[in-house]
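Heads up, the next two complexes both have chain A, just with different partners, chain B and then chain C.
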Partner chain A sequence: MNKPILRLENVSKAYPGFALRDVSFELLPGYIMGLIGPNGAGKSTTIKLIMNLFPLDAGKITVFGLDHWEDEIRIKQQIGYVGEDQQFYGEMTVGWTVDFVSRFYANWDWDYCRELLHRFGLQRGIKVNHLSKGMEVKLALTLALSHRPRLLLLDEPTSGLDPVVRKELLEELLEVVQDEARSILISSHITDDLEKIADYITLINEGSIVLSQTKDYLMDTWKRIIIKDRQMVDRLKPWLTFLEPGSGGRVGYTSNFLELKRVFAPELEAGQIVRENIDLTDLMSAVVKGRVNNVDAGL
Partner chain B sequence: MFITISENNPVPLYRQIVEQVTRQIILGELRAGDPLPSIRQLAKELTTSVITTKRAYQELERAGYIYTRPGKGSFVAPLSPEKIESFKREVVREHLQQAVKAANKVGLEKRVIRELLEEVMEGDTE
Partner chain C sequence: MLTLVYKDLYQLRRTMLAYAGSGLGLAIFFSTYFEVGALGFFIFAVYGLTLRSAYYEDKYNALVFLRTLPIKAESIVIAKYATTGIILVSAWFFTLAVTTFFRLTGAPLPPDLLSFYVGATVAITVIVSIFLVMFFRWGYNLAVTYIRFVFFGFFLIPFFVMRLQKSLWLQNLVVGFKEIASLTIFPYLLALATVGVFLLSMLFSLRVYTTRGVN
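Our next item is the complex of A and B:
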């Protein structure tokens, strides 16, 4: 039960002008992981490598305990994948598309598929190129879910969708993990509301993993620190990963608030130092712009 | 069980859940033996992560408000009237501590704090 659904060990892949280096992380059954990072960080490459869309240079990917290269067929029967762009036959109908895709899966669940089509308001008779962007994503998700995959890989699925549709997708994804056996990996460069539902966050920058942790732990340990008392600036400097430009060293981010809280308890109490909660957008910019060597990464 | 959480609230999400469940138990809105939604069901209802709701339930369990039966789910723990009384005291004590802290910060004397407490209580009973 607690064997990881997905495990990457020291995965590397180089192209001209880009390299993914030593990427390692794992995802346990029943959880949702957000893979975040700026554009070009390597999120899509990571997901495409898991999907075996091109070969690894080095490392190992294990899905459901199976080797992703040798057992590709068995694995793919239990993976659902939604890529950045939906590749459909535009002249064909929703119904034709669903029938077409269903034939590739031994475990296609027609009841569930019809339920999803109904819930998403997708009519079988409508031509795919008449669908809005939001409806296209819903169709892609229906196709990715109808064989009840154990691992769902979503590559930037919500970019370009309105908040109402995004909310619907989030609820559907939380429905997927209800039985504690399935996992979801979602990539996103805009840290939008998708991260609300993420249990784990893996942050990737310039082809390397910066951190991979539960979101709750990140929110506990990363804080924005405001130094009200100028004389404290030097003492706090080693604790801060990234100083906000223009703040004269008085506003920065710490990745080690639990320790800082102990060392500077009196100063926090007296208001000489103030801490604020941050969100994942702040975290991403702190890490991307900050001195990454200071980051207590990936424990 | 009715719970709402907000990302804009500086209190961590799991604490928001803990506080609301605790309040409902203390006020008797939730009674001993009442079933709670599963960790995953609650995450879905609140559109939040499973780990967040799990952490809230662990905290509630540690504090003795709820108990969990493997495979059956989580339930409100039976609490004696004395226990409820002591929980009530604990909750109010925490709030008063905050108030005293604030008073100390602006340098109010103990005498003034007591006066203010009286004043607030008088105001409330009208």
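Our next item is the complex of A and C:
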């Protein structure tokens, strides 16, 4: 069994009006974990805590088996970080920025850096504040990858990017994890992106982890159930997370389809209830709504 | 840490040149009269350059950027103080050199004027020390708002001294101060106290910056 590259244990952080409570999860080498959740759920806070941008209230974070507070510099030598908003010195050039950042990393790979600059069409002489949003993200990614990090932390890197740049960026990320020692933790609102690349999904809502599983497991167990026979609603309720009126009958979401399929096999076969696959957006929506409303909501 | 200091100085290169140019221009224009005006120039140059250096960090939210790199929070603070120290020393020598060079008599600066220079150095060191603590605690905007009161407050000190000269306790205070100032070791004590204020301010900044985090 591989040792986790990143482990969060009961991490808590409180601000006025917001609290991250007992967040625990781990990420294994060679995997991509998608961090999803509605706005203000605590995704960015979680990533910033891992980056040690502010202190924890409680809990423990270990990266590469090292304490993230005591071994901050050793850890950051092996982490690549891309934030939601890129923060570079705008009046400086791309070349100056790359040279400046490179001085802080012991294992900066200049050949790879030049290759990335070329691939992303970044010219050294251009000022950073003349770059488009997409080009800024590419510069951030170049800086995050050039020291060949073992862990990439990406906080909403694709927000505000056009589909072409997003695709390019995702392809680059997939290439990075070809080497099975590297891992990526990526938070995004754009769940389509995560569906393409993530191995694990962690859903965070109101400062707490709601679920953290492999994407394949979630896709197998979470289904949309269309209940055509109204008599079935009461019997199905214990299996449903959320229920609402739909055009073809009542529409519910289950997180336990494997069990439901076993119990309601005849009804599924008879078409009294129909199952549909869902995507991560539906899943997030069902979980968030399900936590807010009870199962009778919308009926 | 040296990389950070170099970065600060590189960012300030144009502003430094502008101050140096205007200092030379003023000296050429006012000649001997620049001796006193040079004090104001020196204070404004240090004040302006220190604020400019902090402004660059604020404008691009660079304190977050720096914290994402393998740099200790302590190094960021110490580097900023080192930059400010370099600004102070360079501005001091520059002002002194320019003033001496443009004296019509060609004689070195009289001790009285030199003591004014020392006083100005102490005042501006205290001001930038207070500013840096506020910058690391509350960020640039709040720090600038507060430091303006402190900065311009210093210019009001002579006014208040003149106004209050009639009061006995102030006269005693001035007499007492003069006695201390006449001591041979006074310049050394003053220099030591100034360095102490600067270092104490750095310790405060280290404390507030490493515990508050950046966002």
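Throughout what follows, the second predicted complex is superposed on the first by the 281 of 299 C-alpha atoms of A that agree within 3 Å, B and C clash if a C-alpha of one lies under 4 Å from a C-alpha of the other, contacts with A are read in each partner's own complex, and residues count from 1 in each chain.
Everything that follows uses one rule, which is that a residue touches a chain if its C-beta (ideal position, glycine included) is under 8 Å from a C-beta of that chain, and two chains touch if they have at least 3 such contacts.
Predicted model, so just to flag it, every value in this text is computed and none were measured.
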Partner chain in contact with A:88 - chain B first, chain C second, else both or neither: second
Touched partner set for A:73, first chain B, second chain C, both or neither: second
Which of chain B and chain C A:162 touches, first, second, both or neither: neither
Touching partner for A:234 - first (chain B), second (chain C), both, neither: neither
Contacts of A:104 with chain B and chain C, given as first, second, both or neither: second
A:53 touches, of chain B and chain C: first, second, both or neither? second
Residues of chain A that touch chain C when the two form their complex: 48, 51-55, 72-73, 76-77, 81, 83, 85, 87-92, 100-101, 103-105
Contact footprint of chain A on chain B as seen in their complex: 7, 10, 12, 14, 40-41, 43-44, 47-52, 55, 105
Chain A residues within the chain B interface of the complex: 30-32, 167, 170-171, 174-175, 177-178, 180, 196-200, 214-216, 219-220, 271, 276-277, 279
Parts of chain C lying in touch with chain A, wherever the complex brings them together: 3, 7, 11, 56, 59-62, 64-65, 67-72, 211-215
